[in-house]
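Chain nomenclature is as follows: A, B, C, D and E, assigned in order of appearance, with residue numbering initiated at 1 for each chain independently.
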């Protein structure tokens, strides 16, 4: 176990970093905000943490925190700017934001180390600490998926106008999405920079946008668990695919395409369906809560020609 | 002209239609009544080829059309005005209408377009505007006009009066009658039974996926159970 | 200066040729095909393999590119996008899944080309076509440049006319809005979707082959860089408008050329993406994009 | 070639096999570097084992594909570190991957020998070695060549996203200009992924400098050369090693006359180079390129270090490598000396004659 | 205007000279009305006369071209729409707008969430909305049996009731209903009408947009007729329906018989 742990330490660390990164895209997406600014924040966090560590020898959490603060402020300002954008237009604007940051990093001179990036960011950040942070984040996000907050987030995504009419301050929620996404992205970036001790402009770019998106769509876009599934798969897949030798990139593509096509609700959805089916099979008591709500009987048991017998859930999807 | 014979339709395990038979003949209006979820819309959608039938058949001009892909059925002269309008929101009013005439020859389509504009002047006014910006009632007119554009011989209408102001309902129903008189067979689903019965020739009442009454409109108007169910107690006491 | 104008026109035409196919599929049936860049590259790659065996003239090579692009694109549609659209619960999820499905398909094509070429650039040096540069004194202009600009204008015009004025163009846009009602109106949506994807892929193939002639060679990774540029051009112009794609491509090309000529060039992406960003702030649906139709 | 003197018999303290992990980019955009390097390594290992260079113990290579991802490379390195049966690592070619491996390897004391990986951050201590000399260390060959051509003015076009190329363009070439008496008139960066150099080419062609430095990546090279020539530029074109490895093939005749300083050329008349080239041709039926030569040297360097150490222990191997580095050795790249843990070679000036790579003799004009 | 014995109650919500123009389209053009406390006011008007747009303007979902909006005598035409909900104005939409992935219960809870607390961070994670408000709304609208169904499984009439229940769960003082009974049959309509009257008796101020004239006459205390974005006439239901201008523009032949 410990041998396995040591040998796969990097992948374990990367899984958690990817999880935070995926969440930084997923969180806004849950509110219907198609923002890739989280990737830019990843860059901000990575550079800020590296600079603070190398130049000023800040302790790990202070360095990461500094990046998070910068990214949150940047996220808030960005949210103010792009308040009128939505859908893929917003996606494009935030990709532009990310790419501009990359160019800035390349041209940042000695501060960012130019094309070469920064190295030697040696800190005391431990894997356990990374996991702890992820656990806290996941708990908070899991809470935001349930109850009041969960419903409100759903409303903002599905029908912002309706959301407004029940008193949800949609604009404020959207801004919050940018800020949270910035914090998560920067946290991921900062941790990665300190764990790897380096950061370079290569680390942040369109390919990372593509990777993060793939993770959450294949895993499941509505829940943190989906992001977790996605980050586990796409961190470990290259390792597993060593077995197929130099076909690995081909197989990787095939797997991504297949899951996108045949697993519409993400792997999380598949898992949930399987679980439900299992529970249903495991006995009538457990299955009782799942009882159908009457939609299976058109017209219910009301007498004919008495159309509106009370409370019978009859169909008709409009 | 149109014959629906013992149609059965299911959505997964849900049996929405369980043996509906009805027919529509040129120049006649067949009114379909029934409670929410009785299977009226499902019947119409199945006839139009949008939902597969489990069993039973639909015969149009002696040809069985069940199982044929939806887009081929319009070419045979059968068109559906869908429930809830479903106009193409981002397209202009005129584009919506032209699309209705997708299967008609161009010249014919231009001619019908003028007729539709004449029937609904507001549509002519808004021809270059996006259909999605029309008011609910205006959209209903557009959906109606769009269906007319294909110069159908059989027309299915799913709740054409929904959301229309009384005057407009009257003119739409007037138009429906006119269309029928021009020799088109009409099958109309309507919640507004009182009005529907006024223009209908035949009536089919559906409950829980089954036909519970079928006959001439006159007969339906006097059938107490139909009246109670669809016109309200007040009508009965009148 | 005159030379810069020619250069910008060529670059803009290249972007447009590439973006056109993507814009067609996206603006009509709502498929944002992230495999477009790979189809573009792969058509040129297959063409390269064929030209290596038989010295073909340019028109034949372009034709091969067109056919290969169309075939791959149709395959992607039938194998990936169509099943996604059929199964997806709602429109928005389908959109994202199509994006990722495209990414996967792109990965496969890229990996195959990389495997075969080992990422060494490939070209059509065996083709009978020779690049000829005309020196007009104040500008230098090559025959490929002329072909590219003419092809871009012609094809864009054709595509624009198709979508605006033909019945099938109208039907395609309707499919993008509500496929079911379109079917009700007599539109065979599967056939039309395959047709538009074939057209889109064909355009990618033509663009790939012409680009390879123009640059002399491309590498397996070349498609990806264009993908982002094309996406940017379409969004800048406004989705669903061929004219928008053309204007977007032109703006991008002009800006890049100016930055390259006036500065040391390391800021090109920052300036062009910065511009896109600003443009979107001013016009949130692109330059020619229509406002979303929404009512209370 | 192999070492000049081999003591037969067993080298004391070595196990029957010494296992090395070779982390290379075998798929993805830089697969060409990985596959060629692997060929060079395979040849070296074959020779080492046949010659019984390590006595009865055999060198065994465990090839891993890092698939162009730094994370994957680093992960493989940690696996090598935890699995004590690995004695050392032959590292990947990309700087991004190398900088991810170096700090971990250095910290846990596992020797790594890199090829390529030109970035500064790669060599972080005494456990990290590199047997590809930085281009700037032999780039003066370009200066000498240009001087012999009486070049007075030059333009630079470099890939601003690549550290090595940026360094060459922004530091090495200007220094060269001072030393060899020409002026750098313009210096332009292009993006990492740039594909079309029309604007840059027109700009340069109009300025008509005597020479142009094209410091670009392999796929960019033929395009930039072709476009420069098509825009009527007739002067000298100087590149760097990315011009080699068949990358100019698609440019064909248009690229004739392009030269580049290289750490390796198969045409080099150097004895040890010739031996390597012959053995390589015999094994693979093709001419080796620089990736193969460097990796071949890397493997031999490691073998020498192990022999010097007389032990498969990582710390001993490190000491052995240090000793070998201190004295230098003859390899596929000719005479190699070390500056710390970084190799230095004399280099050659390679050129393209329209169909083949050639050796450009210096001093003739 | 009303029956002489009660002096006109104070206006809870008032709109004056409201105009909403879209380019050349004058959807609403100088329309206004007063909602008196505890009364039901109805708007009649032909299709496209601007009723829904007016409702959208009053609830701040579309920007005003001109006009004044007042709640309890206080102007609110510059405040964001969400704060209006917090001040007790709830509405339903002409097309059913339910969240498809939530159950009926959750859809209704979404309304009650409004009253579950302020905007503080702690409140985000509160598990339940005001349960009494939800239960009450469910009971009122008779949705008990379908509480765990999803909107896709509901009949149209049921779905409309969920809309109403969601609005009620916000515990509003003012309720605006846009064609709540479209697509329902007579019996269902009657029930909605009865519910509205009961709510009125409990003091809820309501605005109703409907095309069903008999129901409007039965339900409303006052009617306002609108055409082309402008006011035609207002007053007691019976009078308004008899107004020749209204009959001409709106009712048609049959409608006149009703009046």
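Keep this in mind: contacts are C-beta pairs under 8 Å (C-beta built on N, C-alpha and C of every residue); 3 or more make two chains touch, one makes a residue touch a chain.
Quick caveat, the model's predicted, so the values are computed rather than measured.
S.K.: Which neighbours does chain C have in common with chain D?
M.R.: Common contact partners of chain C and chain D, which must touch each of the two, are A.
S.K.: Quick one: remove chain A in your head and tell me the pieces the remaining chains form.
M.R.: Components, chain A removed in thought: just one piece.
S.K.: Give me the fewest steps it takes to get from chain B to chain D if each step has to go to a chain it touches.
M.R.: Minimal hop count between chain B and chain D: 2.
S.K.: At what distance in angstrom does the C-alpha mean of chain E lie from that of chain B?
M.R.: So the centroids are 30 Å from each other.
S.K.: What whole-number Å value describes the gap between the mean CA coordinates of chain D and chain E?
M.R.: Roughly 76 Å, centre to centre.
S.K.: Roughly how far is chain C from chain E, centre to centre by C-alpha average, rounded to an integer in Å?
M.R.: 49
S.K.: Check each residue of chain C and list the ones that touch at least two other chains.
M.R.: In chain C, residues 111, 114-115, 224, 266, 269, 294-296 touch at least two other chains, as defined above.
S.K.: Among all residues of chain A, which ones touch two or more of the remaining chains?
M.R.: Touching at least two other chains: 106-107, 161, 246, 249, 295, 307-308, 314-316, 318.
S.K.: Which residue numbers or ranges of chain E touch two or more of the other chains?
M.R.: 52, 61, 93-94, 100, 155-158, 183, 185, 187-188
S.K.: Along chain D, where are the residues that touch chain A in the complex?
M.R.: 26-28, 31, 64-65, 67, 69-72, 74-75, 77-79, 81-83, 95-96, 99-100, 103-104, 119-121, 124, 160-163, 166-167
S.K.: In their complex, what parts of chain A are in touch with chain D?
M.R.: The contact residues of chain A facing chain D are 3, 6-11, 14, 106-107, 114-120, 122, 196-198, 200-203, 235, 238-239, 242, 245-246, 248-249.
S.K.: Using the touch definition from the top, list the residues of chain D that touch chain C in their complex.
M.R.: 27-32, 35, 160, 187-191, 193-196, 198-200, 202-203, 205-206, 218-219, 221-223, 226-227, 230-232, 245-247, 249-252, 254
S.K.: Given the complex with chain C, which residues does chain B contribute to the contact?
M.R.: 48-50, 69-72, 74-75, 79-80, 82, 86, 88-91, 95, 98-100, 102-103, 130-133, 146, 150
S.K.: For a test of understanding, state which residues of chain E touch chain A in their complex under the given definition.
M.R.: For this pair, the touching residues of chain E are 59, 61, 80-83, 85-86, 90-91, 93, 96-97, 99-102, 106, 109-111, 113-114, 116, 119, 123-129, 142-146, 148-149, 152-159, 166, 170, 183, 185, 187-188, 191.
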